[in-house]
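The same chain A turns up in both complexes below, where it pairs with chain B and then with chain C.
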Partner chain A sequence: MQTRNRIRVEEGRAYWAMVLPAFLIYLLVMAFPIVLSIVLSVSNYDGGKMFGGDAWGFAGLRSYARVFTDPHFWNALKNNAYIVMISVFGQLPLGFVFAYIIYRKLVKWPGFWQGVLYVPNIISVIVVGLLWQTIFSPNGPIAEVMNSMARAGFQSKLELLFTAHGGFTITDDLVQNILNLAGPAASEWFTNPLPELKELILSYEGAPHAELLGDLCNLFVPKWSPEFLTKPNLAMLPILFVILWMYTGMYLILFLANMQKIDVQIIEAARIDGASEWQVMRFIILPSLSGTIVNSAILAISGSLSSFSLIFAMTGGGPSRVTEILSIYMFNNAFLGRPNLPLANAISLIMVAVSFLLIGLTKAVEKRYGGKED
Partner chain B sequence: MKRTIMATIMIAVAVAGGFAQEKVTLNVMNYQQADQSGYAEDVAIWEKFQKDNPAITLNIEILFNDPYHQKLQAYAAAGTLPDVFYVWPGARSAVIHEKKLAKDLNQLLGASYLKDFSAAATNPANQLGRYMAMLPQSYTYTSVMYVNTKLLADNGFKPPKTYADLKKMVPKLKAKGIAVAMLPNKDAWPMQSCLFSTVVGRMAGDAFIDSILAGKAKFTDKPFVASLQVIADLYKDGIFSREDVQVGYGEAAGMFASGKAAIYIDGDWRVGAYITDKASGKALIAPAAQDKDFALMPFVSIPGEKNPGVLSAVAGTGWAVSGSLATGSAKEKAAVKLIQYLYSPEVQAIRFGTGAFVPTRKGVKAAVEPLVAKVPLFYAENAKTSYVVDGVLDPAVYNVINDGLIAIGLGTKTPAVVAAETQKAFESWTASRK
Partner chain C sequence: MGEELRTTLVDRLGAIAAKAVAYTLMILFTVMTLYPIFWLVMNSFKSTKEFQVSQLSMPVEPTLSNYVEAWKMGDFALLFPNSILYTVGATLGIVLVSLLAGFAFAKIGSRATKPIYNSFVIGILITAQSLMIPLFLEVNLLGIYNTRIAVLLVYIGTGLPLGVYLATEYIRSIPNALIESARIDGAGFFRIFWKIVLPMAMPVAVTLSILNISNIWNEFALINILVSRTELKSLPLGIYKFSGSLSTDYGKQFAALTIGMIPMLLFYIIFRRQITKGVAAGAVKG
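After this line comes the complex of A and B, so read on.
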């Protein structure tokens, strides 16, 4: 009996000796920050030394109320919803389709395509962000192409106008037609558009016509800039495109790895029985991968809600906060200007709540419609 | 024998320890941009201190722009501020001032040391916390028009003096593919700091801002809305290009130097970007051209302005010592030594020479390039100054103005809407202070 007791005590000691360090580390690096975050979100801490500085106390749900009444929060939440949607309904289906095509060898060089689609994943997020920022910049390659096209179009219209007015004879009628072609915004640059433009054009007397045409294009062709980046409803489009481009390859690999676990004989039997590729995918592959799909969806949702670096590098949430997402909204409140850590922590906890809600929803959908994966 | 050897070693160690200076490690946060002229000189400044003071080990962390401020605030929250760090005198370093996280340099450096600095630099009223948390190295004009006079002359224009002069340039310069004026605003603060503050100073004046802070006026009042309207007009009239809203602060200096714009608007500190980089021997604008082809001018007169010629200016940035250093400790002494070195005539002369700023330390002389030499003259010719918006308003308010100025630049918000949003942010901030 005594021996048994001694063994139990020793087992208990051994148990705690092995578990306690990990448990303490867990408390320190996981539980403590979570509890601190909750505490801060309902506090009136207003900067400075957090422990040992000015005293701070309970402020109730003031920060949460402020978050919910801030239009920037709703804009950030909407942008996050777009990212979740492009991840769940864009990356996952595309990743699945690409994985299926490669798995069933429906294209030549499947290994090559697998590599090409996965490459964006192994590039640093900051590099990707800066790369696409440059591409979409007002001085970037897209702008160059768009500007050349716009100039070419405007110049050909100008040439037609000059031809219609008998060449380079400058008349009021011709100048007015140039102004009409340029549109109303251009007239605002002149105090008296017609005489001033006429005087400007006349100053080119003796100069090559190409120079005049080129300069009129400079003057009147609006420079292309990614203005859609500034429109609240369109600003997220390039970001969503980059997110789709960057992460689809990761889901491809996940799906492909799991497809390779499916017994090939089942697929072959189905094909012998006359099943089409679509039916194979619909009735064999998809149900077999329902668990993988759910896990991928959870990964996509949590990744989408916590995404930060790509958008921070691409737009920083700008211009004028139209591409701000929850994590950047939180970051700005925590670090931009005067730190408001209660507000920032309230935002982070709301992000966690939204994440749980969406993951719960995904699990419910899987339970209702998913197949069994052995 | 063994005992004798051991005893000898112990005595030697004890004697060596007794005579050796106490080793101190100072954690420093430096604000530095590695791709700008003056970088090599800055590195040399730190290396010299390290070489001359072997008993002090400098552990230097270097950041620039917003990441610097963000990390400093994170350190402040964690209670792990570096021993010596770089701060702004106003709201940009609000926490440092309000929570008194830096030592009072008035006490630490003493009156006999500070008498060698200008009165504006040593006046605690010029700092947010109303005590000397830092010592401004300069008194900075945040709004300067850098004018490419040659480019203007080549196109038949004289340097502009009025808004109408600017507007008149638009058709001809645009036709040549040249922007009349450039102010990159992707980073949100440049428009507010480098132009809007001056416009508010001209259209409304400091007294109006004081009235707002006292609750006797509103951002939705006519003078403030009119100030925002000036910015809106600058874009609408084609003086600024709307693409500038998407141009980063670091990109624009090179664009101006290469003739893409006739005028560039920035703070006086930006002269440093154009002069010769000692490391590479290259300059964005060659010294000869700096002398004859470029001018520093005040922003043009604006229709309806109440305070003509006023320019936004503020006590400049400087160094602070962490309040957590024990009084009289070896670390505090080392920090004071470092601060005194950084503000020494030698170091300030190097800084002046790189165009970083015109020092507040009296009598500093340096061989400077023509553009830098124009800065003190600019100060002398433009004595009337006004507030810098982010120096007097809380970040919760001026960040809304910054975003609003971007929206105005993009044409997505009207001045009235931005004014209303600013007022709302101000009221919300005021309520949170109660």
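After this line comes the complex of A and C, so read on.
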């Protein structure tokens, strides 16, 4: 009896000595912030010392009311939904196709493709964000390609005009045709286009023909601008593209790992019985991955909640707040302009609530599919 | 006979077409994946002036000066050691603390196990980024804003849910008989942990390290609100400096981005197999 008691005590001590470090840190980093944001979201705390500073107190649910009536909140939520959608309808199917190609040995060097397609996952999102921001920018490579194409097109049309007008004889007719070709760009440079341009062209007399053509191109070819970065309704597109670019490889790995758990003999037997490749996929591979697919969708939702850094680096939520997602919206409310901490905490809790919704979803999925995915 | 020949022919043609499509897709996406990275590294050797003249051709006069200047401007000599400290410290912390708790949950047991363990499992799906603002207020309240300890604590805390979950599940598979016989020989629980559990749990320790090293090395959102002093910043924060006003100084920006990219690329090239396995194991739940 005595020894059993002693063992009990020893067990209890060891148990708590081992559990407490994890549990205390966990409480400090995850649980306490949730409690704090519950308290602050219904308060009128406005920064400063939390204790012993200016008095602050209960303010009811007005922060929540403000969030739910703020169009920026709904815009941010919509962007989160876009991210989920690009994951579910972009990354998942693509990842599945790639995994299938590798699994069914339709290509050689399986390790190589898998290895390469996962590379973007491993690079810091800040690097990825800044890299693509430059690629999409008006000074980036896409703009360069578009500009040089536009220029080449314009120049060949110009040359045609000159040849049609018998080379280098400058007539009003020719100048008018050039102006027509230039379109609205002409009125940007000249108040009285026809005589002014004619004078300009005549001043090139004697100079090499190519010089004139080059300068006319400089003058009139419109610079390509990445409209999707400044047009509000298109500004999310580059971000969604980069998310697709970055994470498809992760779903490839997930699908492939779970495909490799399928008993090869089943597939071989089906093939011998005359099943087509398509039937193998439709009736063997796809059903055995249903759990993985649902889990990946859940992963996509929690991924949309954690896309802060990429958007912070690419757009910072701009232009004029159209690319905000919930976390950026929260950050901006807490740190930009006049901070509104109760509001930011309310948003934080709304995001936590979405997470809890996901947990419920996972539980339901586990019930449905037996939680056999691990 | 003719019929049979035709079906095999159709089969063969179908297989060739499938292969063609498969290769096209793979090559297309491989180019799309690697070209931007190649483009970045290539342009990091051009002066900003040369970059503006031509972005798509190879550097005519390759220069390393971008790297020298980016290294200085980004304070990378300070940030590299910090990143290493945060990554190694927090990863070791997560692995050790998770394994200890996992051992207690799986092999010692108590009435407290169920609620505490479940609270960790719930935490897997809570996105730490959603707690950014309360965390910021909390570290201020505790007076640990702008300290390394705050960064380490937060990183360990956010890594624990998955860590405890994977560790517990793994240690459950260690035979009880091993631990019981050690108990009968009079070994204490910590001794058993060191001598039996830790060596046997190495695979899960590796998985956890792999998952956390790349996460923590690349982490930006949380450390962004935890420290503001340069001496405490990590690499991603230093790289972010090259957006904003420095972002038109392309040469330096590209050098900084390349500097930020290389350590994880090396890590990936060396540990590719383990990383792939770890991602498949860790992402199923979280």
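Simple rule for what comes next: the second predicted complex is superposed on the first by the 317 of 374 C-alpha atoms of A that agree within 3 Å, B and C clash if a C-alpha of one lies under 4 Å from a C-alpha of the other, contacts with A are read in each partner's own complex, and residues count from 1 in each chain.
In the analysis below, contacts are C-beta pairs under 8 Å (C-beta built on N, C-alpha and C of every residue); 3 or more make two chains touch, one makes a residue touch a chain.
Fair warning: this is a prediction, and the values are worked out from it, not measured in the lab.
*Asks:* For A:Met250 in the superposed arrangement: first (chain B), second (chain C), both or neither?
*Replies:* second
*Asks:* Which partner chains sit in contact with A:Val116 here, chain B, chain C, both or neither? Use first/second/both/neither.
*Replies:* A:Val116: touches chain C, not chain B.
*Asks:* Going by the contact rule set out at the top, does A:Met330 touch chain B (first), chain C (second), both, or neither?
*Replies:* The second partner, chain C, only.
*Asks:* Using the superposition on chain A described above, determine whether A:Leu219 touches chain B (first), chain C (second), both, or neither.
*Replies:* So A:Leu219 only meets chain B here.
*Asks:* Could you say whether A:Ala22 touches chain B, chain C, both of them, or neither, answering first, second, both or neither?
*Replies:* It touches chain C, and chain B stays clear.
*Asks:* Once chain A of both complexes is superposed, is A:Pro93 in touch with chain B (first), chain C (second), both, or neither?
*Replies:* Neither partner.
*Asks:* Touching A:Gly183 in the superposition: chain B (first), chain C (second), both, neither?
*Replies:* A:Gly183: touches no partner chain.
*Asks:* Pick one for A:Trp132: touches chain B only (first), chain C only (second), both, or neither.
*Replies:* The second partner, chain C, only.
*Asks:* Contacts for A:Leu341 in the overlay, against chain B (first) and chain C (second): which applies, first, second, both or neither?
*Replies:* both
*Asks:* Using the superposition described at the top, determine whether chain B or chain C touches more residues of chain A.
*Replies:* Partner with more touched residues of chain A: C.
*Asks:* Could you pull out which residues of chain A sit against chain B in one structure and against chain C in the other?
*Replies:* 50, 139, 341
*Asks:* In the complex, go through chain B and note every residue touching chain A.
*Replies:* Going by the criterion above, the answer is residues 66, 69-70, 73-74, 76-79, 91-92, 94-95, 98-99, 101, 167-168, 170-172, 174-177, 186, 188, 236-238, 241-243, 245-247, 251, 394-396, 398-399, 403-404, 406-407, 410, 412-413, 428.
*Asks:* For a test of understanding, state which residues of chain A touch chain B in their complex under the given definition.
*Replies:* Answer in residue numbers: 47-54, 66, 137-139, 188-191, 196-197, 200, 215-216, 218-219, 223, 225-227, 229-231, 318-321, 332, 335-341.
*Asks:* For the complex, give me every residue of chain A touching chain C.
*Replies:* Touch residues, chain A against chain C: 10-12, 14-15, 17-19, 21-23, 25-26, 28-34, 36-37, 40, 50, 94, 97-98, 101, 106-107, 113-127, 130-135, 139-141, 144-145, 245, 248-250, 253-254, 256-258, 277, 292, 295, 298-299, 302, 305-306, 308-309, 312-313, 326-327, 330-331, 334, 341, 344-345, 347-348, 351-352, 354-356, 358-359, 362, 373-374.
*Asks:* Can you list the residues on chain C that touch chain A in the complex?
*Replies:* Against chain A, the touching part of chain C is residues 14, 18-19, 22-23, 25-26, 29-30, 32-34, 36-37, 39-40, 52, 54-56, 97-98, 100-101, 103-105, 108-110, 112, 116, 119-120, 122-123, 125-138, 140-141, 153-154, 156-158, 160-161, 164, 169, 188-190, 193, 214, 217-218, 220-221, 224, 235-236, 239-240, 242-243, 247-248, 250, 253-254, 257, 260-261, 264-265, 267-268, 272, 275-277, 279-281, 283-286.
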